[in-house]
Structures are given as C-alpha cells and as structure tokens.
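Take a look at the structures below.
Across the two complexes that follow, chain A remains constant while its partner is chain B and subsequently chain C.
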Partner chain A sequence: MRFLARGGRSSKDRTSLRRHRAARPVLLLLSLFLVGATYAAVSPATESVADGAADAQLIAQGKALFSQNCASCHGLGGEGLAQQGAPALTNVGAAAVDFQVSTGRMPMANPLVQAPAKENTFTEDEIAALAAYVASLGQGPAIPTEDQYNPAGMSPEDVSRGGELFRTNCSACHNFKGAGGALPNGAVAPSLQNATPKQILEALRTGPGQMPIFAEGALPDENAKQVIAYIEQVNAVPAAGLSLGGLGPVAEGFWAWVAGIGSLVLFAVWIASRGARA
Partner chain B sequence: MSDKELDLPVPDPGLEEHPPRFTDVDPAAADRSYRQIVAMLAAVPVLVIAFLVVYFAVPRDAELILFGSTFKMQTTLLGLTAGFATLLIGIAAIAWARSLMSDEEIVGERHGAASPPEARERVLADLEIGIDASAIRRRKLLGTGMAGALGMMLLPAVVSLADLGPWPTAEERAKTIEKTIWAEGVRLVTDVTNVPLKATDLVVGQLVNAQPENLEHLEDSAEYQIAKAKASIIVVRMDPNSIKIPESRRDWQVDGILCYSKICTHVGCPISLWEQQTHHLLCPCHQSTFDLGNSGVVVFGPAARSLPQLPITTDAQGYLVARGDFTVPVGPSFFERDSLKDFQEGDR
Partner chain C sequence: MAKPAELNPDSPALEVKTPPTSRETSKLAGPVTWVDDRIGLAKLAGNIRKVFPDHWSFLLGEIALYSFIILLLTGVFLTIWFKPSMAEIEYAGSYALLRDVRMSEAFASTLNISFDIRGGLLVRQIHHWAAMLFVAAMTAHMLRVFFTGAFRKPRELNWIIGVGLFSMGLVEGFAGYSLPDDLLSGTGLRFVDGLIRSIPLIGTWAEFFVFGGEFPGTLIIPRLYMVHILLIPGLLLGLISAHMALLVYHKHTHWPGPGRTNRNIQGYPFFPIYVAKAGGFFFIVFGVTVLMGAVFQINPVWLYGPYNPSQVTAGSQPDWYMGFVEGAIRIMPNWEWHLGHTTWSWNVFLPGVGLMGLLFTGLALYPFIEAWITGDTSEHHLLDRPRNAPVRTGIGVAGMACYAMFWLAGGNDILATQFHVSLNAVTYFMRVAVFVVPVLAFIVTKRICLSLQRADKERVLHGSESNIIVRNPEGGFSEAHVPLSQEEAYTLTRHPQPKALVPNGVKVGRVRQTLSRWYADGQVPKPTAAEVAEAEHHGAIEGGEGDERVLEGSDSGDAH
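And then the complex of A and B:
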C-alpha cells in the first residue's frame, strides 16, 4: 500500500486509472484472491475441500459429529487438550479416524492408559463424515482402498514372506501368532484375531497409541498386504484345545503349576495321611 | 540291639501307639470300603470299552466346542476315557492299601554294613596272589609304562580344546566381537526386503527394523548369521524437539532419525518393542528398557550399559548411510570388555 502511495506521488504523468477511487479496493481484492488461490493450490488439505459441494457437506456433517463426540477432549478445532492427554488431530489423517472409530477405541468412555477396543456405535457414513472433517484439518494418510489391503489371491510365497515380515516387525509386541502381549505401564498390544485387513493397514500407516508407524517408504503396500495375508492365514487355523490366550509359557506354566502340580500335591497328601481312626 | 550298643544321643522312642482304623473294628465300614473299591475297578472295563468304541466310531475330524475353544472330538474323548480308567485304578489301589490291607507297623532288623573280618582277610590274600601272578613286582617297567601311556592319552583331549576358539587377545577381540560389518558409507536397508532407506521416506513415529546393505553379499555363507546377529539395527524417527540429543552426537542423526543396535546389552536378545510416545524400547526377555530419546540410556531392568548408537548421515542421493562402525562393541558384556566409552546419562 505504501509503494502505491509513493508511486502515486512520484510520477504524476501515470495514467489516471491508478488514481481512480476504486484502485485500492480492487487491488486489495485481487491480491487477496491471488493469495487464496496460491494457498489452495499448494495446500493438499484444502484441495480436497475444493473438490465439490458434496465434500463440503460431508465435512460439515463431520464437524457437527466431531463437536458432539470428540471436541470435549480433542478441542473444537481438533487442536488437542494437553491436560486431558488428548493429542491434536490436525495431522492424523482420515485413516486414523477410521481406525480409531471403527474399532470402537474412540470416543473413549473414560481416560485410561490406552483406548480399549469396544463396540462401535457409529454408522459407516458417520465415520466417513468424521474422517473427512479431520482430514480437512491438515495432512495425513487417507483411508486405504480395497486393492491396497485385500489379501485375496496372494500366493503361498507371499504368505511366507508376510510371515517373515511379521516376525521381524510385529511379533515383538503382538506375539508370533498375533495374540497380542503386555507393554510397560499397564498398556497392551492388542490381539489381531478380530482385526480386519483394512484396520491392520490403517494401524500400520497411522501408528495408534504406542505403536510405531510403519510407513510406505520401508513397508510398501505390497509388503503390508503380505503381512495381512499371513495374519489372515494364522487366524484361519484353529488352535487345538484350550489356547489359554495363546500367550506362551507364562499362561501355560501357570496352568501346569497351579492345576497340574496342585492336584498331584493333593493326591500325595491323601496317600500319606493316616486317615480317621477308631 | 539296645540303645547303648547303637550309641544314640537320645533314647529310641520306639513305635508309636497303633490305634485301629474304623474298617478294622467295624465290619460294616470294611464292607462299604470293599464295595467302593470293587465298583471303581468295575468301572475300568466300561471306560476301556468306551475308549474302543470312540476309537472306531467317532470320526477323526469331528469337533467339539467347550469354554469357547475348539477341541477335536475324538482325541478329547479318548483322553477322557483312558485318563479316567488309569485314575480309577490308581485311586482303587490306594484306597485298598489305606482301608483294607493290614497297616500294622513291622520292625525289620538289619545286620551291620561291614563284612566279617575273615572274609576281608581272604579278599586281601586273593589280591596279593593276583598281583604276584601279574609279574608286575619283578618287571617294574610294565606298571610304569602302562601309567605313562595312559597319561599321555590325556594330551590329545586337552590340546583339542583349542578348537573352542581363538584365544581372546585384545587384537583378536578387535577383529571379531568388537567389530561389525558397518562401515562408512554403508546404506541402511530394511530387514527381510533389503530396500534402502531414504531420510525423506521416514515420518515422525516410524520404526524400521534394518540391517547393513553389505549383509546381502554374505547371504548363504557361514558368516551371514554372525554378521547379522551383530549388525542388526533399528531406525526410529522422533521429533528432534521432544528428545535429548547430546552435543557430541548432534551429527550422528538426521532430523531426528536415530539408529541403534537391535541387540540388548544385557544378554543379547533382539529388541524392537518400541513405544512411539514414550520413546522407550523394551527387551522382551528380561524387561530391560532403553530410552531412545536420550541416547539409549537404561531406564529399567537388568541391562547395565546404554544401547549402542550408530552414527548415520545421508549420501548424495538422500539415502541413509552409516558414518562408520559402532563406537562401542554391541551386545552383552564379556569379561575383557571396556565400558568406559559407553554413553552415560549426563554425557555431552
């Protein structure tokens, strides 16, 4: 604005158009438009906003749902509330929302070490609206499409490779059979028995809770699909007898010591006791 | 024998009083016990026949759902019938011994452990005759020769202990357990799939189980497992503002991408249980916990030393590469290992 004024003072022979009363407001509008257009072109999040009226409507619906169900902890704009332990949702993306809500982890019933999976009370459309709204807040992984996670048609070699990848990257927390396991401070790595392929891929890409992110750079979709195929195959094979949670030697040892050796001790006591006398 | 002869410090209290059992004095109780034992034994043939019927009649793939778990119908029934049959035989035998067999205590006297003097003298005389007959007293070199020959046979066994490995001199250790195949410029590649890692591909909160690129050349050789066991790493990316990076290690990382040995410093288990939010890495074997947001110091558990950090940087194409080998030996402690160079809380 100052350069305009100075320009106006220094050269009186410039066209009168510049001195027109509307020149400043018009220029202001033009520059605002330019800034807006550049921002829209550069920012991918707003790109999706500009996609169409349907999207805008979905986002508006998502925003309403968000205000009712999520904002008390995550803030009205998804900025998060540190004192509630609720993280900012500005850059988590649609995949994180779909995972957390479809597994019933969010909304949390009460603040705990970790959000437990429970029954999901939202419809698919409501989750899509919530996801669209949160995705509009910033950047983050989108909800994966079926061809990214559906393991149908994978060869036995793929399943075997998936097993290798699973044992290298996942078994430290989720157990070699995907039965889950304990983490420090009361947290747990959940069992993968009931996880859907979509949820597994979403968890890999968004890293819910303490889980690290396994992003595409190191684990491309093809490899992730192999891991999913392995989990599906393991889940399809039923465990014989009482699996005791499939957690390994601790649960089995507890059973053997308490029930097995315990009953042997009772028999030994019975054999050695003198019994009632006349 | 009396107590005096046995030289006991306290007098022998003798047998305690023997009160009779109910089954000894009450014929009805004895009959009841008798009937119970016979009933248990009679149930065994029934269970055995049930076992045979199950074996032939129940299809092998039939399933049974109990307590939410799936059982194979046939094996479950075979186990139950055979198990209860065995258990009933055992219980019947014990019940028989407890209630119907005589339970009067009986004292069985024993003779002393030593042989009588005349028997001992006879054995010594026989031995003397044998030594004379062997000629070892007259031809003395026979005995010496045999002892020397047997003694020398120990040498090969002792010398072949050298096969257990080279003597761990400082020079030998520097070439083996204190060294990995990491070297300057070696790329970090993913474990299993061998994909080189680009710094720009990693996001904050990401964990990658990785290994050196040059490990691939060793595949299918004897050194492969040894090299992999020492050189396995985990690569994590954290927000640089949320972690402590000491001045001396500022150029060991790339924008919060840090690389650590995957081998626990306690007894060498591979660790990759990393909590994204706390930055803690937990070893599943003995719960040693390392803080990867603080140069790998131990925050819990039996490990005594920080997790070794691998200095990394990027190459011209943007791939993550090592700046050299680990600065300290990876893995568990060993007797001659020097711990002075390990990172400690407060180091700059």
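And then the complex of A and C:
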C-alpha cells in the first residue's frame, strides 16, 4: 500500500532533464520552431477567407437546427431558460454539443434529473453545424481531433499508467472497470463501455452533468489518451468465467446464494429422498 | 536419577489395570489389528451403528463442513505462492494492464497466482466461492436449527458453539478478503479501521495496536495472514470437532412421526448407508464449488488494482456476509458528539460494533430466553414444525427481515443503478424499513402459522381432499374427503403446544407472565380426543357416502 505520487518516476526524470546543461538552448530552439510552425499554420490568408465563408454557412445552418430542436429549452440565443432547468450554452463550446448530441442526451425529451443517453438521430453534418453555432456564441473547448484521442500505438506502460489515472480519477464514480455507479439524488455515472474515444475526451473536457471538468491543465491530452487506452483495453480483458456484470461483491453474493446454496439444496433434497436400497 | 513415587500397596485406592493383550480384544487381522491395538478401533464399532435421520434440511450443516474442507485444501495450495508482505515492488508479471505499477508483494503474488501459476486462478476462485458457500451454508443451517427448535435442551451448548463458528467464519472470511491487498480489500480494511476507531475511549489506542501504528502501516497483512491461516482455522477446527462430538453424544434430532419419540431416534445407521450418502454429498459439494470456480469469475483483483488510499471505486462492497454491517453504516444518520477535543462517532460505533454485538449476543442467548419465557425445562429430541411455534417462527422471520433490510442497504448503490431508483430514496426507505418490515414480517408470519395450524386441525377432523369433484343430481358440486391415515393423524397432533405460565406455588414475575402469555397467544387448540372420535364417527359416514357417490357419479356419467 502506498500514497500515490502522481507522475511518479517520470516527473523526477523531467526535473533532472530540465537541469541539464543543454536544456536552455534546446528549449529556445524548440519554442522558436513552435512559433514559426503556428504562424505557418495560421497565416495563409486566402484559405482563411474561404473557411470563414464556409463557417458562416455552417453556423447559419446550425442556428436553424438549434431553433428547431433546442431553443425551446436553451433559448434562441442559447442563453438558457430557467423554467426548463436548461443551462446557458454561451460558453460550453463545440465539444459539449458534439458530446451531448452524439450520445443522444440532447435534445432532451422532457426535463429530468439527468438527460438519459439514447439513440442519436442527427447526422454528423448536422451535429457539426449545431456545434459550430454554439461555439460561435462564446468560448469553450473545440471538438477534439483524432490525434488527441486515438489511443492506437500506446505502449503497455502508457496503458497501465492510464489505469492508475483511471482508478485515481474516475473509478470512484464509474466503477473499477467503467461499469457505472450511483451518485446522490438519483444521478448515475453511466457505464463507459459504449463511449467512443472521442466522447470520452469530450466528457473529460466538458464535464457533463455532475461529472467534474478535467481540463488540459489537470489532465493533459497525453494522459487523457492513456486513460482512454486503459478503458478500451480493460474492457477487452477476457473475464475468468462469467463476469456477473462486473459489479463486484454484491453480484457475487447473490450468485453464491442462488446458484451455490440453491443447487446444493436441490441435491440435498434428492439425496434425502433416495431411500436406502440395502 | 528420578525414581517413581512410592505407592502404598495396601491402600484401598490403589487399582491395577493390565492392558489387554491384542489376542483378547481383536479378531481382526493384519494391519487392522495393528491399528486397533493402538487406537481401539473396535470400540468405535458402537458408533458405527449411530443412527442418522434423513431429511434434506439436515444436510445444510454438511455443506458447511464440506466447504470448510475444500477451503483447507485450496487454502494450502494458495499458501505455497502467496507472499504476505506489504513491501513495495514494481509489477513485472504477465498482466499487461498493470505493467510497472507499484504494488505490495501480497498483491503481486496474488496476480502471480492468478496469471502465472498453472491452475492458480481456478484454485483462487474455488477458494473464494467455497468461502462464500461456507458462511452461507452455516447461515442456512443455523436457520434450520432455529426454526425447528433444535437448539432446545439439551443442545443449547452446541447452539452456542454454532454461533461461535458463525462469527469465526465471518472473521476468517474478512481476513482472507483482506489478504490480496487490492483496492477493495484495502477499502474494507479502512472500513474496519473506522469501526475500531469509533470505539469510545480506547478506539485510537486499539487502532494503533491492531495496525502497529497509523493505518495502513506495513504490519496488517502479515498479521491477518497469521490470523487467516493459523489462528482462526485452528479455532474453527477445534469448534467443529466439539460441535461434531456433541452431535454424536446428543444424537441427532428427528421430525415427529409414528414411532419417533423424545427417547429414540429413527434413521439409517452411520455405516454403511449414511457414510455412502454423506460421502457422495461431499463430492457433490466439491463438484458444485469447482464448477462455480470454473464458470463464475470472482474477485477479479487485477481489475480493482493494488490498494492505494487515494483511490476508491464505485461498487466497493464487502463479501455478502459482512454486507449487513456495511448497510447499517450506509443508512445510519450522522450522529456525532464533539466534547472538548474528542469526537464520539456514534454514527459508526452503533451500526458497526453495536449491531454485530447485538446479533451475536442475541443469537447466543436466544435458547435461554425462550426457555425462560416458556418455563420449559424438559429435553427435546423431536423437532417442532415451525407452524407449531408461531411466535418463535415469527421472531425468526422478523430477524431475517431485519437482516435482509440491512443487507439490501449495503447494496444501495447497486439497487439504485440496476433498478433505476434514486440512491437517496433507497437510503431513506431503508432507514424506515429496518424497523417497520420486521414488525410486519412478525405479524404476517404468525398469522400464516396459525392458519396452517387451523388447516392441520381441519385435516385431522375432516380428512384430506380426495381430488375427486362430484356433481350430484341437483347439479351441485362437492368434493369427497378421505379420512387420514393413522400415521398422519398422529404426526399432526403429537406436538405439545406452548402454554402461558400460571403461577401455581412458584412466583412468576409480571414481565415473564406477560411474555409467556404473548408466546402462547392465539394457538389453535389441538383437536381433543373427543373431537377426533366424533369426527371419525361422522367422517366414516360422510366418507362412506362420499365414496359411494363417487362410484355412482362415475358409473352414471356414461349413462347420461
């Protein structure tokens, strides 16, 4: 047993790296390179104008969809309607919309403690339009890109590090293998078995419902990817027999009585009913 | 040099015994003679004909005994590889998802048993399922003894030994559950740490004593290991032997029936019939346990991860037999006193330490309380049918209901997620239910018992239904009754009924009088001899008529 040292050995390695003689020049070079690269990515003016036009069209399309499907609760400008219990969407960002709509939580059918996930009826383009519109209302996390969440090619060490992070940050609500758990006042932390890597990262960045927000600063993309890899792999581990729902000892106790004592009592009845044929 | 003490050869106290020569005692041959000369096998022959009655409910204790044997066997296998150490290492075994994670040697060796020892995972799972069954079978066995009144004189001591076995079983299971040092076992230890600390005045001191310092320290796993594989198994073995010895000494109880009295016992002889049946049953229990170990995953510690005080998981529960304590703590309102610098955690002490104390003390004392209430000092070798002791049965069901409510409360989060109800709603409901449901259970159970008594009486007086419905010429329907066999009528009427204590000569306290009246209240009086005779007379005619009518009916059925 021990207390968790976040980052463990690797953070020590990092400090010693930083103290290295070559560290400063290398850092300087790196930041120069970064500035250059960012400039190169942002500068081409012609494309940006075209983008802008496309964006404006997307936002307009999104606005139309929004007023049809969402405005009844969130208001026409996404300002939120208190009587519907719907929050303002002015600063939730595109990621929140993509998460809420792609998991089928939004549009909500009727106000409840927690929007249930259900079949999503919007196409990808429609979601993108809605997201663009809501993003245009203020600030907030953008929809993450594939390289931010795709866990392919992680090393086993990365994945087990993800396991540590998962048990430290997520299992308290979502259970040890993401099977889900109960929260106070009727809320539940849902099972993570059907969440896509993209949705997991979006959930982290936007903190849906009672889930806290795990921002870049607290859980950098690199670590988030490790967590995603762990969630994917732990659910692929074959169970040692039937997993009984992955719910832990309550289910085990139930089966001990029903299958174990139940079958043994049947056997006992059978044995006692056989007379002695001596 | 030491010399033997002097003896007075004339003393009347002096007796001289000569050991029997082997020729004298034994007509057996070869190795059997050899053994017999040394441990007196032939004398055991008397016990070989000991009689055991046959009823499925008498086999529940055997399930417990056999699962204990399975636990010993599989447990020894586990000790070969398990390392009871809290020293920290980096995992380098074959389960990739924990690669390089820092953990105790205890946890690493459990992973090792699970993934790198051939058959290790199967044996671990068998061990754990057997542990669940061990305690479950003890519980079921105890309920059987309770509801049939088998704990009454002269078996009170064996009942107390049984309660001891039951409580030791809980401690043993808890110790074992804590050994692998995974996230759940550590959380469980933390829970017990809280229970210990909640004890007023000595709590903190006791915690330091048990954990060798502050929780978790580095001593608790080696200590629990000693408790788990030496101390408690030793106590369990001792108590089981005493339990069995008393069983043989008292002989088994049996169900009432013709020829079965408080002075005899009917059943099959221990050898060969009972041995064959019991031996067969051992293999069945073994088979079921192995099958469960092979088919159902249990305690997947690799998913829980190593214990780490900064981590916790939804669905942290103990094994089922500690669930009632967990539940009590989950639903307890947050009562605490703050006096000066001290905190008095009634919110943990009462539901934790208090409830367990109440359960075991209540169980241990019940036979004496009941005997005091009924004033019954006679020996009982015939069992009660539960319906014929309605108050006892009611108390038993109420106890079960109360236990069940605490138990369900221990899984309040699982109930909430699986049945889509609010966690708070479950908790509030349970707070009321632990008090109300037992009372309802008592009332309903007693009612059912009394109705069954009435049905029995009906049956004795009017016979059993013949299952033949007859239509008479007027178009009415009736069912003929056939008189009971002598045997069944006897079985249904032989039981003594609880009677209220009347103070004749001896002084009986007010409380005791009230209790004994409550205990005897509402009994349906057994049919008297006169009633039976009357009914027989009447029934013979009615039965005859009925039979006739049946014949008539079936004959004329074709003619119509």
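Convention: the second predicted complex is superposed on the first by the 193 of 278 C-alpha atoms of A that agree within 3 Å, B and C clash if a C-alpha of one lies under 4 Å from a C-alpha of the other, contacts with A are read in each partner's own complex, and residues count from 1 in each chain.
Note that a residue touches a chain if its C-beta (ideal position, glycine included) is under 8 Å from a C-beta of that chain, and two chains touch if they have at least 3 such contacts.
None of the values given here were measured: they were computed from a predicted structure.
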item: Partner chain in contact with A:A172 - chain B first, chain C second, else both or neither; value: both
item: Touched partner set for A:L112, first chain B, second chain C, both or neither; value: neither
item: Partner chain(s) touched by A:G260 [first = chain B, second = chain C, both, neither]; value: second
item: Chain B versus chain C as contact partner of A:P156, first or second or both or neither; value: second
item: Chain B versus chain C, judged by how many residues of chain A each one touches; value: C
item: Partner chain in contact with A:Q233 - chain B first, chain C second, else both or neither; value: second
item: Partner chain in contact with A:N223 - chain B first, chain C second, else both or neither; value: first
item: First (chain B), second (chain C), both or neither touched by A:L183; value: both
item: First (chain B), second (chain C), both or neither touched by A:M211; value: first
item: Set intersection of chain A contacts, chain C complex versus chain B complex; value: 161, 164, 168, 172-173, 183-185, 239-243, 271, 276, 278
item: Partner chain A, residues of chain B touching it in the complex; value: 19-22, 24-26, 67, 69-72, 76, 94, 98-99, 190-193, 195, 197-198, 200-210, 236, 271-278, 280, 282, 284, 287, 289, 300
item: Contact set on chain C toward chain A in their complex; value: 54-60, 63, 86, 88, 96-102, 104, 114, 121, 125, 129, 132-133, 136-137, 140, 181, 183-184, 186, 216, 268, 272-273, 277, 280-281, 284-285, 288-289, 292-300, 302-321, 323, 410-414, 416-418, 421-425
item: Chain C-facing residues of chain A, complex; value: 1-4, 8, 113, 156-157, 159-161, 163-164, 167-168, 171-177, 179-186, 188-189, 230, 233-234, 237, 239-244, 246-257, 259-261, 263-265, 267-269, 271-274, 276, 278
item: Chain B-facing residues of chain A, complex; value: 161, 164-165, 168-169, 172-173, 183-185, 187, 207, 209-220, 223, 238-243, 270-271, 275-278
